[in-house]
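Labels A, B, C and D are assigned to the chains in the order they are written; within every chain, residues are numbered from 1.
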Amino acid sequence: MTMTMTEQMLADEGCPAMTAKDYRSDVKPVWCPGCGDHGVLLALTKTLAELQLAPEKVSVVSGIGCSSRIPAYLNTYGFHGVHGRSLALATGLKVSRPDQTVLVAGGDGDGFSIGGNHFLHACRRNVDLTYIVMDNQLYGMTKGQASPTSAPDWEKGKLTPGGTGINPFHPLVVALASGANFIARVSGTNANGAVPILKEAIEHPGFSLVHVLSPCITYNREQLDWKKMVRPAPVEATNDPGRAARRLMTDDNLNLGVLYKGDRAPYQPDLRSRGVSVADLEAPFQV
Amino acid sequence: MTMTMTEQMLADEGCPAMTAKDYRSDVKPVWCPGCGDHGVLLALTKTLAELQLAPEKVSVVSGIGCSSRIPAYLNTYGFHGVHGRSLALATGLKVSRPDQTVLVAGGDGDGFSIGGNHFLHACRRNVDLTYIVMDNQLYGMTKGQASPTSAPDWEKGKLTPGGTGINPFHPLVVALASGANFIARVSGTNANGAVPILKEAIEHPGFSLVHVLSPCITYNREQLDWKKMVRPAPVEATNDPGRAARRLMTDDNLNLGVLYKGDRAPYQPDLRSRGVSVADLEAPFQV
Amino acid sequence: MTVPSISITLTGSGGSGVMTAGNLLLEAAGRAGWYGLMTRSAGPQIRGGEAAAMLRLAAEPVLSHQDRYDILLGIDWKNADRFATEIPLDGDSLVVGDGEPPAVFAEAAGQQHHLELQKIAKEIPGGRPNMVALGVAAAMLGLPESVIAEVLEKALGRKGEEAVSAGLAAVRAGMEAAATLPRFDTLAVGEASQQSAREPRWNISGNEACGLGAVRGGIRFVAAYPITPATEVLEWLAPALPKLGGALVQAEDELASVNQIIGGSFGGTPSLTATSGPGLALMMESIGLAVASETPIVVINVMRGGPSTGIPTKSEQSDLNIALYGLHGDAPHLVLAPLSIADCLFTTQWSVVLAEKLQTAAIVLSDQALGQTRTLIPAQADPGLVAERLTAQAPVEGNYERYALTESGVSPMAIPGLAGAQYTADGLEHTVTGMPSSKADDHHRQMDKRQRKLEQHDFGDDWARIEGDLDAETAVLTWGSSYGAVSEAVAGLRGEGQKVRVVAIRLLAPAQPERLAEALKGVKRVLVVEQSHGGQFFRYLRAFYDIDAEMRSMAVPGPLAIRPSDVRKTLSDWS
Amino acid sequence: MTVPSISITLTGSGGSGVMTAGNLLLEAAGRAGWYGLMTRSAGPQIRGGEAAAMLRLAAEPVLSHQDRYDILLGIDWKNADRFATEIPLDGDSLVVGDGEPPAVFAEAAGQQHHLELQKIAKEIPGGRPNMVALGVAAAMLGLPESVIAEVLEKALGRKGEEAVSAGLAAVRAGMEAAATLPRFDTLAVGEASQQSAREPRWNISGNEACGLGAVRGGIRFVAAYPITPATEVLEWLAPALPKLGGALVQAEDELASVNQIIGGSFGGTPSLTATSGPGLALMMESIGLAVASETPIVVINVMRGGPSTGIPTKSEQSDLNIALYGLHGDAPHLVLAPLSIADCLFTTQWSVVLAEKLQTAAIVLSDQALGQTRTLIPAQADPGLVAERLTAQAPVEGNYERYALTESGVSPMAIPGLAGAQYTADGLEHTVTGMPSSKADDHHRQMDKRQRKLEQHDFGDDWARIEGDLDAETAVLTWGSSYGAVSEAVAGLRGEGQKVRVVAIRLLAPAQPERLAEALKGVKRVLVVEQSHGGQFFRYLRAFYDIDAEMRSMAVPGPLAIRPSDVRKTLSDWS
């Protein structure tokens, strides 16, 4: 195995470099063989190795779903919370512990259906989080229902026999509209291709969305075709929301790469002590 | 009082025309004198009179907040539900009773803070509802906290002493991004100006958002200035989402009028009987 | 007396087709004139992990599994040991399979047999080991080949004749291979099929039964968000409702689904949702809205292991507390629980009727064990209970009072469209017309009214199922799915001459203290059986009932089902 | 013995400044050496509607209002009759005001006086009727002008000298106008101020006290969504936390706020939120997550009238059920309730300490009556209870087990940043290391552990406040804010020579049956007093306590406060 640049640098300095494997826990994933989420796990461990972040300095927060199982497979701190609330939990963690690198991971159902409100507000609040959404355009964990990103004519969703008949949710467009600071797309079937983008997302200050096309081979085998259909985005990332909006409005869900990179300052309350004691707060009560 | 065109037509046919007053109940509003919501109530009664809808064919659904008190002041059917869920309740009503004209009304907190997820999904589901949001950029009912639409440097929000420091929510942009079929803005201080737009919104099929600048004179008197600052949108409504996106991205919140008019078909399950009886459904259980 | 029955588990690793074999076996048993049930269990893998199909087949309808299995049949043994606690074997049990069974089974069982299922299957073109195993099972149980053939035809017919004949060949090979194995044909299939095969029967799960019960009761609008183990209720309803002129909407979350059905019901359509613990928790605020605004809704909660995300695929009765007490404020409402898979039909239907009649929220507490178990039962005729809401009628005279203080507590409800009765439904406390009010008088009157509706209604005899000896001094008090094991245990004890009574409560709220007192007349000892850790039912009984007898709590949490023998033992140990 | 006190209500229509006058009067009373409390009431208008400031002033700290008012002072009488049920008058009461008082007051009161407050105010440059009324009140109560002057200076100082002197002129005019009115100076201000004025005292509301108690206990992160009547807890904390190096985040909804604090707590920071009924309902799912993942959090629930949106501005104790039982699954957690405004401080602080110590969720049940009432109390020293969480320490040896099965049930918790102890917190049932598990053993062990933590902790003597006669055969059992009226009632009865005991429970869950049995020794009759419609507390006691005495329920729903006389009467009628 060849060394990454960072590993080389660390090795030169005499520090033992962490490898991707060092970020993997020994828990065996429950995912189906061939599920795109395996690739995301691999990409994530490689990215963390690239960044050489100490595992105890990283927390990965998730909700519920196949994809949301990912924290336990990493050797970092993790929180596998309830369905749809990962961004809220991560927000509390990050604002009170800005020293931690906080990643949030989950599925399209978790993030855009039940979790939609936190998604909106995380984008606009712009806390320094990286949100990795493994989008398989359905609910895997509950055995194959339509999600907000399902095609309106997908007839196999078990609660929508004739297709949902409704407009799919465009996560990247909504993210931009509500203020996300970094928007990118990667493919779950190409871990190596995802690494530099994940790295950039984590390093970029503020709220970063990484949309992952992560096929569910069990409930929609056709998603295996994504592998052949994706392509690098034809243009460079923009920092102009207007231009990004135009691009994303016509985006066909298959462009990979960094699509928008903003420069808003992250939201982070100042936690430095002001030298005030609790007793000092009592004065206004005195008659 | 001169007759509207519709009233004239009805009078010609010998039907007693309904006037705006006929849509008002005899319940006295709890609103502060001078609150913009009074204007919205007036505009709505005038609009219903314009449309000559029978009061029993109209249902107005709301959440909780000063603005959400509006249903009781109308002589239509109404539901004053819990905080943030009006769109969901209205969706259930409309899809099961497509013969009713269903309006949804509430505030910026109700609709964009706690209700944000239903807003997203109502836009994309595109049920034939008209959603009237009385935006005063704060929570009036709970006595003056910041809302998602508050300016980041508004320092009077009682839970955000130094200002919220976060990006305001752009309801029109998010509505467009998530699939609303009609997007307009009116001023709560100009009831007559709002009437034709409200009328168009109600008549337009699918999900229509009417954003109302409705000043809270109690917790942010500066909003009285809106009256002087608003202007008719400089261009005609578009039906091109890309063009609308560009426009809305740079919208300063003061353009009045219809800003986007789409032509997606509304979501409405077919409720016609298929001649199947409950007993017919038992067959597959037979061994 | 316990019903003569045979219990068999099929197990195999991912892709081995164990569930298909199990389903075919159950269906064949039904055709052969038997009754029975089948439960599935699976490993943690999302799909393709090891699985077990646990069947009990019997001459009469049965409500629960036995304490032990007669046969464990392994299509293969990979990871089969993870099911060890779920499949108790003993000296009379037989383990059959391909290769060496896990030690835990080998040690427990009295007999072991090896059969080369893989090899046999390979020798048949298109043959699969699970079909061979099906043949083995059929042979041991004495199921005629003709019945298996019928079932295969029905199941595989769509795939073409070739598939059917390959399947049948494999089944035959299995039957032959099993020629030397012991027989468990105590059910005397021949006779059973003669006697009762003419009685039409159903193969149904509790979740499907809830769906059918709902539409029988008149439900025509459903909004829901999927969740294990409730999803099949919705999956059954999704295609069914449009056929009846109704609709199911998949909502963005549970906050939306419960509000959608409140909207549907406000519009006059009987409306329902189904969920499980975490989803129910999210709905509580708005269930309170249904109670306060007096808008009828039905919420089916298919319980799973708790707390929090808990154990989504396993059963527990631990959502009783939240169902009874989980609304903020004083919010009287209905809570019901089906006592068996078949009873999911009646209890759901009755819940719809009650919610509509009393204009309030009804929570139906089913659970994973009922919901996801398939059972063979006699065909269930529709008792004809249909929602009848007291609505305001045209012409409306005078000022319409939506929340009029009627004697019964139920007030005529105007449905949008009715001229002259326009009102605003409200979750704020209100006057009789629905206008918000914070006055003490209005609050007290409306609270009394909402309570009175429930107290004054005559719920009749369906509040509980009472069985056993009228002169018994010992009673078992239980609810929901625990009734199955209790009933079997008590039948066994009574078969041995002991006198015991069973009271299984179907209507949990409002409490029926007088009825229970009557049902427990003469009883000196009451064992309270439930599947929870905290004894939630026991505590509820203490809170709302005056039981003039010594009470003991037998509260056993999931994920394993309560077994009849556990109940028998607890009763016997109580001296 | 009841405390000598005077009760006075100021009322007036929108914009009349009645609250300002009331606040100044309370503050002045404090400076003059008195104690007391002030409750506000308002009409339905969002702002600018009629309002009433109800004060009770006394020589010693008081916990509740009296049964009646001595003085009703109307700045004007517009819509004042809407407060009729809240302001009981009798033959000894005096009604003073500008113009004709509403008939309901005129008929009830023994005396009536007219004063032209408007006219008097007009004659003073910058004079306002509410300041004139303040002067009238001060004169009748015997409050020295100098004290009023001090208070005015403090309140209006920022507005400049002119404002202060205009105010003072109006007050003086009011005092003069009141020259001929009867005096209610039984409190002997002179003496009181001599004796106890040196004792430092606070003017604080229950909501502020909850805020201060929280930071005393160690809370440094708060996330919340505003809701009446809890908002002032947050409004106090919002500027306070940053001063202490902490933060408050306004969340998008309650689902977010509760999850944010779980995240904050996971990161090692003691974290809290505050809400009221509807918000609590929305939080229940995730409070269950805190319980299952053993992440300490504190949720203050300031109760209001229910169900649903109910009566947001009025008090009720009807969220007891949801707090105790509202989690799905078996989810043992802490529920505490402050017994008075002052006790909001201690109970919140103790709740923080307990939640952190036991690594679970604590729900604190305050209510609108405590939260939004201002009181004068002796300055409250910090008892010094501070959160101490059992954390894992470096170096971490071996395989870190987050959910280790310790004897106490509490396991050392690793805080992100600690090397070698990385784990994933989970709401799924799990093994000792946190790995998801659906095995019966793991489930039972973890449920036992979560229960054991609460059962084995020694909560000491603060679980309840016990007062009265040790040899009493009659006891009153109560909780939360009802303690105020009960305490006053029992003091009155005891003053008349009756023997009564009071047990007011502060720690509601886990139940403390042995402690209560001890506290009720010798008692034959127990009156259970609470402010709910359904007798929620009474039912809870039946469920979890064996009380060997005759029990009666006195459950009175809101919106009116339970009055001491109601309790006395119920006790007297019980023969």
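Remarks
Note that in this section contacts are C-beta pairs under 8 Å (C-beta built on N, C-alpha and C of every residue); 3 or more make two chains touch, one makes a residue touch a chain.
Just so you know, these numbers come straight off a predicted model, no measurement behind them.
Greatest Cα centroid separation from subunit A: this falls to D. C-beta contact counts were set side by side for B-C and B-D; B-C has more. In terms of their C-alpha centroids, the spacing between subunit C and subunit D amounts to 44 Å.
Centre-to-centre separation of subunit A and subunit B, using mean CA positions: 33 Å. Averaging C-alpha coordinates per chain places the centre of subunit B 38 Å away from that of subunit D. Within subunit D, contacts with two or more other chains are made by residues 44, 252-253, 255, 278, 285, 288-289, 293, 308-309, 426-428, 436. Along subunit A, residues 80, 82, 84, 113-114, 116-117, 120-121, 148 each make contact with two or more other chains.
Within the complex, the subunit C residues that touch subunit A are 44-49, 224-228, 231, 234-235, 238-239, 248, 250, 252-254, 278, 308-309.
For subunit C in complex with subunit D, the residues that touch the partner chain are 44, 85, 255, 277-278, 280-282, 284-285, 288-289, 291-293, 305-314, 316, 318-319, 321-322, 324-332, 426-429, 436, 438-441, 443-444, 447, 451, 532-534, 536, 539-540, 542-544, 557-560. The touching residues of subunit B, counted against subunit C in their complex, run 25, 27, 54-57, 59-61, 71-72, 75-82, 84-85, 88-97, 99-100, 117-118, 120-121, 269-274, 276-282, 285-287.
By the touch criterion given at the top, residues 27, 30-31, 200-204, 208, 212, 215-216, 220-221, 223, 240, 242-247, 249, 251-253, 255-257, 259-269, 271, 285-286, 288-289, 293, 376, 379, 382, 414, 416-428, 434-436 of subunit C touch subunit B in their complex. For subunit B in complex with subunit A, the touching residues are 113-117, 120-121, 124-126, 148, 165-170, 173-174, 176-179, 241-242, 245-246, 249-250, 264, 267.
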